[in-house]
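Note that chain A is present in both complexes that follow, paired respectively with chain B and with chain C.
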Partner chain A sequence: MKRFKRILERIVESILTVSGAVTTVTILLIIIFLFREGLGLFRSPAVEKGYALCVNSSNTVDHLNSHQIKEIFDYEIENWAELGGRDEAIEVFRFDEIFSRYTDEELGADYELLPDKLGEVITSSPGIIAFLPTQYLPQGMQGVKVLRSDRITPADFFGGRQWIPTATPAPQFGVLPLILGTLWVSIVAILIALPLGLGVAIYLSELAGQKMRKILKPTIELLAGIPSVVYGFFGLVVLVPLVQKTFGLPVGETGFTGSLILAIMALPTIITVAEDAMRSTPRAMREASLALGATHWQTIYKVIVPYAKSGISAAVVLGIGRAIGETMAVLMVTGNAAVMPRTLFEPLRTIPATIAAELGEAPAGGAHYQALFLLGCVLFFFTLLISVSAEAISKRNFNKGL
Partner chain B sequence: MSKKTNQGIAFWIFRLLGLIVVGILIWILGFIVWNGIGVINWDFLTKAPTDGMTGGGIFPAIVGTCCLVVGSMVVAFPIGVMSAIYTTEYAGNGKIVRFIRIMTNNLSGIPSIIFGLFGMALFVNALGWGDSIIAGSFTLGLLVLPLVIRTTEEALMAIPDSFRTGSLALGATKLQTIRRVVLPMAFPNIVTGLILSIGRVSGETAPILFTVAAYFLPKLPTSIFDQVMALPYHLYVIATSGTDLEATRPIAYGTALVLIAIVLMMNLLASLLRRYFGKKVKTN
Partner chain C sequence: MKMTIKNVLRQNRLSLSGMCNVRTAKKTLLTAAIAFVAVSANAQRIKGSDTCLPLSQQEAENYMKTVPSASVTVTGGGSGVGIAALLEGTTDIAQLSRKIKFDERQKLQGQGKTVKEVIIAYDALAVIVNPDNKVSNLTREQLEGIFTGKITNWKEVGGDDMKIVPYSRETSSGTYEFFKENVLKNRNYMNGIMSMPATGAIVQSISQTKGGIGYIGLAYLNDNVKPIHVSYDQGKTFVEPSVANAKNETYPIVRPLYYYYIGGSEATVKPFIDYVLSDAGQKTVSEIGFITVK
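For the complex of A and B:
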């Protein structure tokens, strides 16, 4: 009986040990699944799945990257010479146009003659580039060359300045405008929140009486507890019109509105962490300063704040972390225009908001879906970087305290 | 200017900043309560939405949120408590426990939208559960895991070592000590953590966007593989995609008020419990 009990105990203890690894396992799983889906993007062709680009076989160009394709179909590039080919005007041909050139009878009842007719069109004009579904491709016809389409490269993704996931024939997955949007909104939010948060932290740790603490502490907890979608709703109904009126803008849904909401949301983090840091100032340092004749205020800004410097930096870093990852509130108030942000007073879009807004419409397994997961990877590394640096900063503080 | 006036000015500024923060909270809460209180009535809480979401109540969303709260707690609470028991009682103070703590910290720093992505990839697609309560519960459960672990750890660490050594000295094994002495004493604070987690889970939107939330689904779920509506998602949908603002705004205010009430009530309950049991443990 005793033996049985001991075995049971060992089993329970090993279960406990295994459960200790649960957070580590979760993080690993998150990494694995984000990357498994996300890295697939770099195996996707630049042209939409199920479609191909054809040119006349006399054309010397035989592959195009996604940016070039987009420029061609936007009529930004109009001559093959710009792409390293002959001096020949580009003629853009979209699949639908075949129906205006030929009647239904000419194409056959089940469109079985469609590939031949497409082939005719392509052979007859030397400057043509045709965007066709692969099922109607005029394969093996003389005079037709199917362009080898480049894959989407990391350079396209990380260096691209355009995020147009629904563009045909070549969707653009340039992440730069989203990264910039995220950083702008978050950093401005911290710039707004920092003076306020630091002031409140000083007030709480140094000046506030019992009564005021009893009001302020729960206030901060409540601010931290309000769900982000409620902040978003508040921002949408109150701040958006306010910003629009105050700055005389055409729309109130701007990056700045997002920064305002994020500033409020980051306040609890900044206040709590900074206050903890200031409270940990050794009593001896305070008293030494006061004994030397410094006023309380001089002690605060010459002794306590410098002492708590790394704790305050950690507060800033954590605040930025909270702001960068925030999804719903930002989604609801920033207007969601995926363009390179020039000023904060126009609509822009952040990484989390993009994921939330577009994942629902992206078919699973497609390039768009994979691009959104890759965005998730980028975001994941941002926040990991932030966690690690906050950890490093507060460790520095700890060593100094010894 | 003398040192004293400097100090006076600075301190007044700080006092003002403190008041501003209180003011912001009152502004937000006051705004929602003021606009939402008129909408709340029995029908609003117990009827399904009607007329293309421009009328009726939010009952299915309330039920959905309750399902998700229960589901995510079933996922997160046992494993979180066990994990915390391991780190505080067994792991000692070595490298392993430091590593686990860092990982828990990192997990709590991961944005909620990433959990949404992950939940969609693993639970909805790879495991084939589809958009369902179970997929959403697992996603939310993992999200709230660090909070459960941290509050449980704090509760366990608050128990003085003398109780443990006393029990061990009487011949109890380590596991018996944990089960009969440490856990019962820490129980109230563990429950406090559970309540805080419920508050957190019921307000999260981003993780459920792609794992469970339904845009409009007036019937109640019958199994864990059903989709449900949820309060936070309902608020998002009503606030952003309605065309008839005059009809949907009141519903949005009402939904926001119900959501805030649930979340804040949980926080309040947790802090009351903490205070109550805090006193009780001290007098022991």
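For the complex of A and C:
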């Protein structure tokens, strides 16, 4: 009997160990997966995978960066002279146009004549730049020159100021506007939520009566249970017009609106954690303060708040964590315009909103897909930094006491 | 102090496990659904564009009423998702709000599959502005200027002195691609255009924003926004977006909605597609707010 019991215990123990190990390994695998997919971006060519750019061989330009390519295909740069070539008007040619110039019969049943026809088009026009699938590249033709292709560099990614992932042929993956957008919205949200949250926390722990507390605390915790898409809808229908009218703006979907919504969403976390910290002030400490003749208010801000300081810092950090990763509500109220944010009262775009909105249609394994994974890595670093600092703050309190 | 953080963490974990429960429940449901599909004799799956979603769902519902043995499952996700599913064989029909791309067709051919195309309906896109806006006519060139960021004030196109705020859909939307091809002639949208996650959000925002302009499916038009009359002939004739004008081909921003399936699977998919193209099926098309094929 005793022996059987011991075996059972062993089994339970090993199950627990295995489940712990499995969880750890899973998390590690997820992180490795995230980084592997993300870093693949720097092996992707600047021009869409499987495609190449061709020019007439008489053209003196033989290298273009991804920004120049985008400007050419947007008809912003219209002359080769602007790119250091001859004074010749640029003619943009997209692959699909071949089907309007030639019939399917002329191109052959399996498109075997397609490369020749493409070659003809390129040879006949000196100012042409053609965007073609590499599969149908006219090989070994006299008049055709294939442009050398760059890879996407970390400088393009982290320093770029344009996020246009669907631009063909050269998608623009500059994440600077997204990173700044995320930081701005989160930081302002905390600046709004902190005084408010602290006020409520002080009220709840020190001033509110027992009855009031019993009603207020569950209500605030209820706020944390509302789905974020509901907050988003509330923001879109109520806050957006409100912000627009109050500040007389052309649009109500701004970074500030996002901050407001995030502040509301971060409040329950801040209040709960800060209040817990304040209530854990030893009774002796309060009574000593009062016995020395300090008033109730003096006790609060000279004794209780300093005692709970690290708890409050932890509340702030957890609130920031909530704000930085929030997706749906922000997606609905910030306007999602990927511009470098100059003021808070303009539309901006955050990292989580970008991932949520774009991953659905990004072809798996493509550069856009990898760029979104890399954005995930950036976000991961932000939250990692936040959790580490939360840990450090709570530890400091533990060692020091008061 | 440590305790409180732990508490929060525990709460998070609790809510996480709650979510897992929901997920398992969903999974069970899904497996049940799949099992159901497998046993039923006349079963098929449709996946793809969110634009086609309400139409396909309604068609499937009506079809299952007329043919009780049939079972049709419809899911959305975006046009690209539909093609990817067709490629992997996880759907029988891919519904698309744009034509299949050249490289998507190449990929399917690479697997030795030929893809068959059926147009099931047409959808017209309406350009909308705030009802207080004076402007009611715009040419394609003006629209291109507005959405690429060359025209930034309403007074440049005959309106009040007011900033233009263009709204676009997210990049995952077939509507986004179609508008870019048809109206912007493949130029990119302006850097930092407002992009909204759903058509409903565009309507809501434009009804609130005086200088707003955006594009939506005709079926989503309501009184809170004003449709723009569009000209594709340099301003000679301006055409109002309406089902009648789309049908007689005077309204230019019209796109077909497609069903794609793999050649050889006709036996499974044909009855349903025939139903959609039948008079009863096309009646549903106009009820939903799309334009019939005939």
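The rule we apply is simple: the second predicted complex is superposed on the first by the 298 of 402 C-alpha atoms of A that agree within 3 Å, B and C clash if a C-alpha of one lies under 4 Å from a C-alpha of the other, contacts with A are read in each partner's own complex, and residues count from 1 in each chain.
Everything below uses one rule, namely that a contact is a pair of C-beta atoms (placed from the backbone, for glycine too) under 8 Å apart; a residue touches a chain by one contact, two chains touch by 3 or more.
These figures come from a predicted structure and were not determined experimentally.
Of the two partner chains placed around the shared chain by superposition, chain B is the only one that A:Pro218 touches, whereas chain C remains out of contact. Once chain A of one complex is fitted onto chain A of the other, the partner contacts of A:Leu290 are absent, as it touches neither chain B nor chain C.
More residues of chain A lie in contact with B than with the other chain of the pair chain B and chain C.
When both complexes are overlaid on chain A, the residue A:Leu183 reaches neither chain B nor chain C. When the shared chain is aligned, chain B and chain C each come close enough to touch A:Leu236.
When the shared chain is aligned, chain C comes close enough to touch A:Asp276, but chain B does not.
In the superposition on chain A, A:Gly360 makes contact with both chain B and chain C. By the document's definition of touching, neither partner reaches A:Val61: not chain B, not chain C.
Shared-chain residue A:Gly376: touches chain B; no touch with chain C.
In the superposed model, A:Leu113 makes contact with neither chain B nor chain C. Within chain A, the residues touched by chain B in the first complex and by chain C in the second are 236-237, 332, 359-360, 364.
Within the complex, the chain B residues that touch chain A are 3-4, 6-7, 10-11, 13-15, 17-18, 20-22, 24-25, 28-29, 31-32, 79-80, 82-83, 85-87, 90-91, 96, 99-100, 102-107, 109-118, 120-122, 125-126, 142, 145-146, 149, 173-175, 199-200, 202-206, 209-210, 232-233, 235-236, 239-240, 249, 252, 256, 259-260, 263-264, 267, 271. Here chain A touches chain B in the complex through residues 9, 12-13, 15-17, 19-24, 26-27, 29-30, 33-34, 36-37, 196, 199-200, 202-204, 207-208, 212, 215-216, 218-223, 225-234, 236-238, 264, 267, 271, 295-298, 300, 321, 324-328, 332, 352, 355-356, 359-360, 364, 372-373, 376, 379-380, 383-384, 386-388, 391, going by the rule given at the top.
Residues of chain A touching chain C in their complex: 50, 70, 73-75, 94-96, 133, 135, 162, 164-168, 177, 236-237, 240-241, 244, 250-253, 269, 272-273, 276-277, 280, 310-311, 314, 318, 331-332, 335-339, 347, 349, 357-364, 390, 394-395, 397-398. On chain C, the positions that touch chain A within their shared complex are 1-5, 7-8, 77-81, 84, 102-103, 106, 148, 162-163, 165, 170-173, 176-177, 186-189, 191-197, 201, 204-205, 208-212.
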